[in-house]
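In what follows, structures are represented as C-alpha cells.
The two complexes that follow have chain A in common; it is paired with chain B in the first and with chain C in the second.
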Partner chain A sequence: MTEHALASLSAELDDVSLARSRDLRRQRITTVIRYTVLTLVGLIMIYPLVWLIGASFKTNSEIFANPGFWPQNPTIDGYIKGWKTSTPYSFGTFFLNTLWIVLPKMIGTAISCTAVAYGFARFEFPFKKLLFATLIATLLLPNVVTRIPQYLLFRDLGWLDTFLPLWVPSALAGDAFFVFMLVQFLRAIPRDMEEAARVDGANTWQVLVFIIIPLLMPALISVCLFQFMWTMNDFLGPLIYISSVEKFPVSLALKLSIDTTEAFEWNRVLAMSVLALTPALAVFFLAQKYFIDGISAGGIKG
Partner chain B sequence: MARLQLKNLEKDYGSFRAVHGINLDVEDGEFMVLVGPSGCAKSTTLRMIAGLEQVTGGEIRIGGQLVNDRSPGDRGISMVFQNYALYPHMKVKKNLSFSMRLKRRPTTEIDAETDKVADTLEIGALLERLPKQLSGGQAQRVAVGRALIKKPQVFLFDEPLSNLDAKLRVDMRTEIKRLHQRLKTTIVYVTHDQIEAMTLASKIAVLKDGVLQQFGSPAEIYNNPANMFVADFMGSPAMNLLACTLEKDAAGLSVSLARPHGDPIRLPVAKGREQLEAHAGRQIVFGIRPEALTDPDGADRNAKAVAEGECLIEVVEPAGSDTFAVTKLGGKEVVARLRADAHIQAGQTARLAFNLDKAVFFDPKTQLRIA
Partner chain C sequence: MSGDSRYLGLLYLSPYILGLLVFTTVPFVISLYLSFTDYNLMSAPIFTGLDNYIRLFTADRTFRKSLWVTLLYVFTTVPLKLAFALFVAVILNSKLKFINVFRTAFYVPSILGGSIAIAVLWRYMFADVGLVNMGLGMIGLEPVNWFGDPVNALFTITLLRLWQFGSAMVIFLAALQSIDKSLYEAAAIDGAGKWKSFVHITLPLITVIFFNLIMQMVQAFQEFNGPYIITQGGPLKATYLLPIYIYDEAFKRFDMGYASAIAWVLFVIIMALTLIAFWSSRHWVYYAGDKRS
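And now, the complex of A and B:
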C-alpha cells in the first residue's frame, strides 16, 4: 500500500518537473521571439540613420550605385569639402551661428519662464485666471497663423536679418508650453519650504532663487533641453528672419548646399547632416537622466 | 523673548469667517498651546501670528509692537512646521544657517552659531547630511534647530509631533519642554492632541470653529471647564456629562441619576455651589471626570463630599496603571477610573464613590458652566 503510494508520488513529482521544464522551455522560446521581433523593428527604425552615417563616407557616385550602408571605398572627402562649403564661410561659422542663436534663447527661456511660472503658481493677482487661460490658449494657436503679423512687427522694429526675432519672444516667456510645464511642476511642490524661507527672512526673489529654482532644477533642465533641440532643429524661424549667409545657422546652411551652386553633392550634404545631428544627440545622452526626471517627476518626497 | 498679544483677531475667507475675534495675552516666557479639533482655525491663527496669512481684522502685537503688516522675517518669530519643511537641496548645516546667510553674517559667526545649536540638539553628526537622509526624529530636531538659530522672540510650533510614531512623540515632547525650560522663550504651540496640550502648556487656549472657548492654565481648563465643549474635549477618557434634573428638598440640592437596575442614585450637591439655587427644578448637565468616580478605597481622602452607590459594571478595561469600568447612569455610558488592582468584573454590581467636590454643572441650553 505504502509502496504504491510512494510510487505514485514519485510519478507525480516526475510529472511536475516535466511540466516545469516544459514551461521553462516555452518561456525561453517566447523570449527569443520577442527579442528577435524587437531587434528587427529597432533596426528598421534606425536604418535610415545608419545609412546616413554610412553614406556620408561614400563617394557621390556610390551613394546611388550602392544601396547598402557600408561604403566600398570609404572616404572623408564629403566631410572635408562639405565643411568648406561653396560660400566664403566654413561650416564652423554656421555652427557658431547656431550656438549664438541657441544659447541666449535657452537662457532667456529658462529665466523668463521660471519667473512667469512662479507668478502664476504662487501669487494671487487680478485677472490671473483669465491671463493663464490666455496663455494656455496660445498653445493651441497654430504657429503659421502668427508668422505674418510677427514678421511685420519685427520688420517695423528693424530687426530683420538679426537674431533678435529669434531671441526676444523666448526671453519674454513666449513659449507657453514651457511656462505651462513649469507651473504644473511648481504646483506639485509643497509651499511649506517657501513659507519656512519667508519666516527665515527671505524676500520673494530670495525665495525664488534659493528655494524654488533648486527644487525646479529637473524641470528646468528639461526645458533647456527641449529648447536646445527645438532651436537646433528650427528651420522656418531662421529661414524667415535671417537673410545674409554669414548669419545662417546649420539648419539653413544644409539647405544652402543643396539648391544653389553645388549641383547636388549628396555626400557633402549627408556628411554635414551627420555633424548637425551630433550636438543634439550628445547633449541628450549627457543629460538623459535629468531629462527623464524632469518629465516624470510629479513632486518632491516629503 | 516677548509678550504676545492678540486683540480681536479675525480672519475671513471670502464670506466665510474662520476666526471670530480672538483675544489672547501670552506673557513673556509662557508656553501657550492652541488646542482644538480639526477645522477649529488653530493653524490659521498661528499662521496669522507668523505672517503667512493676512489678518482680516484685529491686532497682533509681539513685544508691544504691532506686527500686522510686517513680513514673517521681520516679526522676530521662527516656526517649526508640521512636516518640518526642511530645504531638500541643502545639507543640514545649510538648512540651519539659512536665515543667517540671508542676513550675510560673517562665516565665523555662522559656523559658531550652527555648532552651538547642533550641540544643543545633539545633531552635530548630521550636519553634512541631506534632509532625505534623516529619520523623522532627526528631521524634527533639525527643524527645531533652524528655528532656534534665529533667537526669536516667539517660537511657533505647528503640530510638530504629529508625523512621529507614538514613542518618539513622547520623547520629543519631553525634549521640547526641556528646551523651553532652558531658553524661557515665549512659545505658541498648535496641536489637536489634548494630552500634548496638558503636558506642555503653561497656558492653554481651547478653540472651536474659530471661537476661543477658554484660555487658562492647564489645571483651570481641566478642573474648571468654561463650557461643555471644553469639558468634553480636554481629558482622556472624556468627562462624563449626564443630563438630569436638579432637585431641591429639605436636605438641600441634589441630582438623581437613573440606573438600569434599582432606584436612581441620589447625589447631593457639595456645599458652596449657591449659583445652582436658581436652577432648582430645571434640567441641567452633571459632569464628573472618570478619576472622580472611583472604587471607595481609591477615593480622594481629602474630598469633603463623597457619595457612594451600587452600579452595574458593563465593561472592564484594564489599562495597566488604572482600570476603567463602564457603567450606565442616567441612560448614558459612564466611565469610572479604578485602581489597577480593583477586584471588579463585568456583569457584576460594584460600589463606586462619587467625589462631588470635583463635579461640575452646565446649563444644557447655553452649554455654559453654572457651577
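And now, the complex of A and C:
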C-alpha cells in the first residue's frame, strides 16, 4: 500500500520537476534571445558614434577605406585644421557663440516656466481652463505656421542678426513642454509645507522662492538639461536669424564647413562633429538620471 | 490660497500670456492673412484672395511632389519608429541584468540625433564609399546607391529618425513598468496565452502610444535638418519635404505670401490628422479607471 503510494508520489514529483525544468529551459532560451536582440540593437545604435570618433583620427583616404574603428596612421590633423576653419574665425568663436545662446536661454526658461507652472498649479483665477488649454494647444501647434510672422516681427524690432530672437520667446515661457512638465511635478508635491508657511505669514512669492523652488530642483535640472540639448542641436533658428559668420553657433559653422572646400577634407568635418557632440554627451552621462526621470514623468517629447 | 486676490495667479502667468500673444496668437493670425497676399518684403503685402492656393493646387508641380514625399515620409517613419520602440521596450520589460546599460545605449542617439553633427555623419555613412557600403561589401553584398536613387534617399532620412527610437522607448518602458502585475496573473488564471495577454492588457493600457503617435507625427511633418543637410532635397526632389520648400520660398526667394500659404496647407493637414487621432482614440484608448474596458 504504502509502497504504491510512495511510487505514485515520486512519479508525480518527477512530473512536476520535469515540467519545472522544461519551464526553466524555456525561460533560459527566451532570456538568451532577449539578450541577443538587445545586444545586436545596441551595437547597431552605438557603432556609428564609435566609428565617428575613430574616423576623426584617420587620414582622408583611410576614412573611405577602413570600416574599422582603429586608425592605421592616427593623426590629429583633422582637429588642428578643422579648428582653424576656412573663415577668419576658429571653432573657439563658434563654441563661445553657442554657449552665449544657450546660457541666457536656459536661465530665462527656468525662471519663467517655474513662475508660470506655479501659477497654474496653485492658484484659481479667471480663464484658468482656457489658458491651460492654450498651453496644450501650443504644445501641438506646428512652429512652421508662426515662423514667417515671427521673422517679420523680429525684423521690425531690429533684432535680426542678434541672439534676441533665440532668447526672448523662451524667456517668456514659450516652450510649453517645460511648463507642462513642471505643472505635473508641482501637482504631485503635497501642499502642507506651503500652507504652514502661509499661516506663519509668508506671501506667495516667499513660498515660491523658499519652499517650491527647492522642492522643484530635480525637475528644474531636467528642464535646464533638455533646453541645453535642444538649443545645442537647434539649427533652423540660427539659420533664419543669424547671418554674420562671427556670430555663428557650432551648428551653422558645421554646415558652413561642409559647404566650403572642406567638403573634400572629411576628417576635418568629422573631427569638428566629434567636438560638437562632446558637450551634449558629457552632460548626458553626468546627469543621465534627470533625463530619464524627466522624459518618463513629463513623458512626451523626443 | 484664500485671502489672495483672485488675479494673483494671473500675475505669475503674465510672462506666458505676453509670450502667447506676441509670439503665437498674433503671428498665427498674421500668417493666415499673409497666405492670401503677395508679399516680397520690398513693398506692403497686396491682397490677392485665393490666388496662392489656386496656384498651389493647380499649377505648382513642386508642391504636389513635395506634399506626396512628405506624406510618404511621415506615414512610413512614424509607424516604423513606434513599432520598433515598443518592440524593444517589451523585450526590456523583464528582470534582466544590465537593463540600465541597454536603456542608456538606446537612448543616446535620441539625445544627439537632431544635431547637425549627426546629419553630417549620416551624409558620410551613406556616401558611395561610405561606412554602410563598406559594411555591405564585407558581407559580400553589392554597394547601394543611397543618394542617387529617390526611394533610397528618402530611406536614409527615415533611418535617421528610426535611429532615435530611444526616447519613445523610454516612455513605453515606463508605462509598461507601471502596469499592475495582478492583471497578468488574472489573465494567466483565466488561461490567456502570452500573446493574448499582451494584446488585451498591455496594448490597451499604453495610452501613451496614442499620445506619442501625435507628437511624433507633428514632429515628422516638420522634419528639416535631416533632408536639408543629408540629401539637400534631392535627387529629383525625392526628399524635398514641405518644411524645406517653405524655407526656400520664404527665406531664399522671399515670397512670404506663397510660403505662408504652403505653411497653412501643412498646418491644416497636421491639425486634421491630430483631430482624427483624438477622435478615433475614444474607440480604442483605455484610460485606467474608465468604466469601459
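Just so it is clear, the second predicted complex is superposed on the first by the 249 of 302 C-alpha atoms of A that agree within 3 Å, B and C clash if a C-alpha of one lies under 4 Å from a C-alpha of the other, contacts with A are read in each partner's own complex, and residues count from 1 in each chain.
Following the convention adopted for this analysis, a contact is a pair of C-beta atoms (placed from the backbone, for glycine too) under 8 Å apart; a residue touches a chain by one contact, two chains touch by 3 or more.
Because the structure is a prediction, the values reported are computed rather than measured.
Participant: Let me test your reading of the model: by the given contact rule, A:Pro88 touches which partner, first (chain B), second (chain C), both or neither?
Facilitator: Neither partner.
Participant: I'd like to know which partner A:Leu215 touches here: chain B for first, chain C for second, both or neither.
Facilitator: In the superposition, A:Leu215 touches chain B alone.
Participant: I'd like to know which partner A:Gly158 touches here: chain B for first, chain C for second, both or neither.
Facilitator: So A:Gly158 meets neither chain B nor chain C here.
Participant: After lining up the shared chain so the two structures overlap, which partner does A:Ala280 touch, if you call chain B first and chain C second: first, second, both or neither?
Facilitator: So A:Ala280 only meets chain C here.
Participant: Should A:Arg198 be classified as contacting the first partner (chain B), the second (chain C), both, or neither?
Facilitator: Both chain B and chain C are touched by A:Arg198.
Participant: Comparing chain C with chain B, which touches more residues belonging to chain A?
Facilitator: C
Participant: Jot down the residues of chain A that show up as touching in both complexes, chain B in one and chain C in the other.
Facilitator: In the superposed arrangement, which is not itself an observed complex, chain A uses residues 195, 198, 300-302 for both chain B and chain C.
Participant: Note which residues of chain A are touching chain C in the complex, please.
Facilitator: Going by the criterion above, the answer is residues 31, 34-35, 37-38, 41-42, 45-46, 48-49, 51-52, 55, 63-67, 112, 115-116, 118-120, 122-126, 128, 131, 134-135, 138, 140-153, 169, 171-174, 179, 194-195, 198, 204, 229-230, 232-233, 235-236, 240, 250-251, 254-255, 258, 266, 269-270, 272-274, 276-277, 280-281, 284, 288, 291-292, 295-296, 299-302.
Participant: Contact residues on chain B for chain A in the complex?
Facilitator: Going by the criterion above, the answer is residues 50-52, 71-74, 77-79, 81-83, 85-89, 98-99, 102-103, 132, 146, 150.
Participant: Any idea which chain C residues touch chain A in the complex?
Facilitator: Spelled out, the residues of chain C in touch with chain A are 1, 4, 6-13, 15-20, 22-24, 26-28, 30-31, 34, 88, 91-92, 94, 96, 102-112, 114-118, 120-121, 123-125, 127, 129-131, 134-135, 138, 163-164, 166-168, 170-171, 174, 208, 211-212, 214-215, 218, 221-222, 224-225, 228-229, 243, 246-247, 250-251, 256, 259-260, 263-264, 266-267, 270, 274.
Participant: So in the complex, the part of chain A that touches chain B is made up of which residues?
Facilitator: 190, 192-193, 195-203, 206, 210-211, 214-215, 217, 300-302
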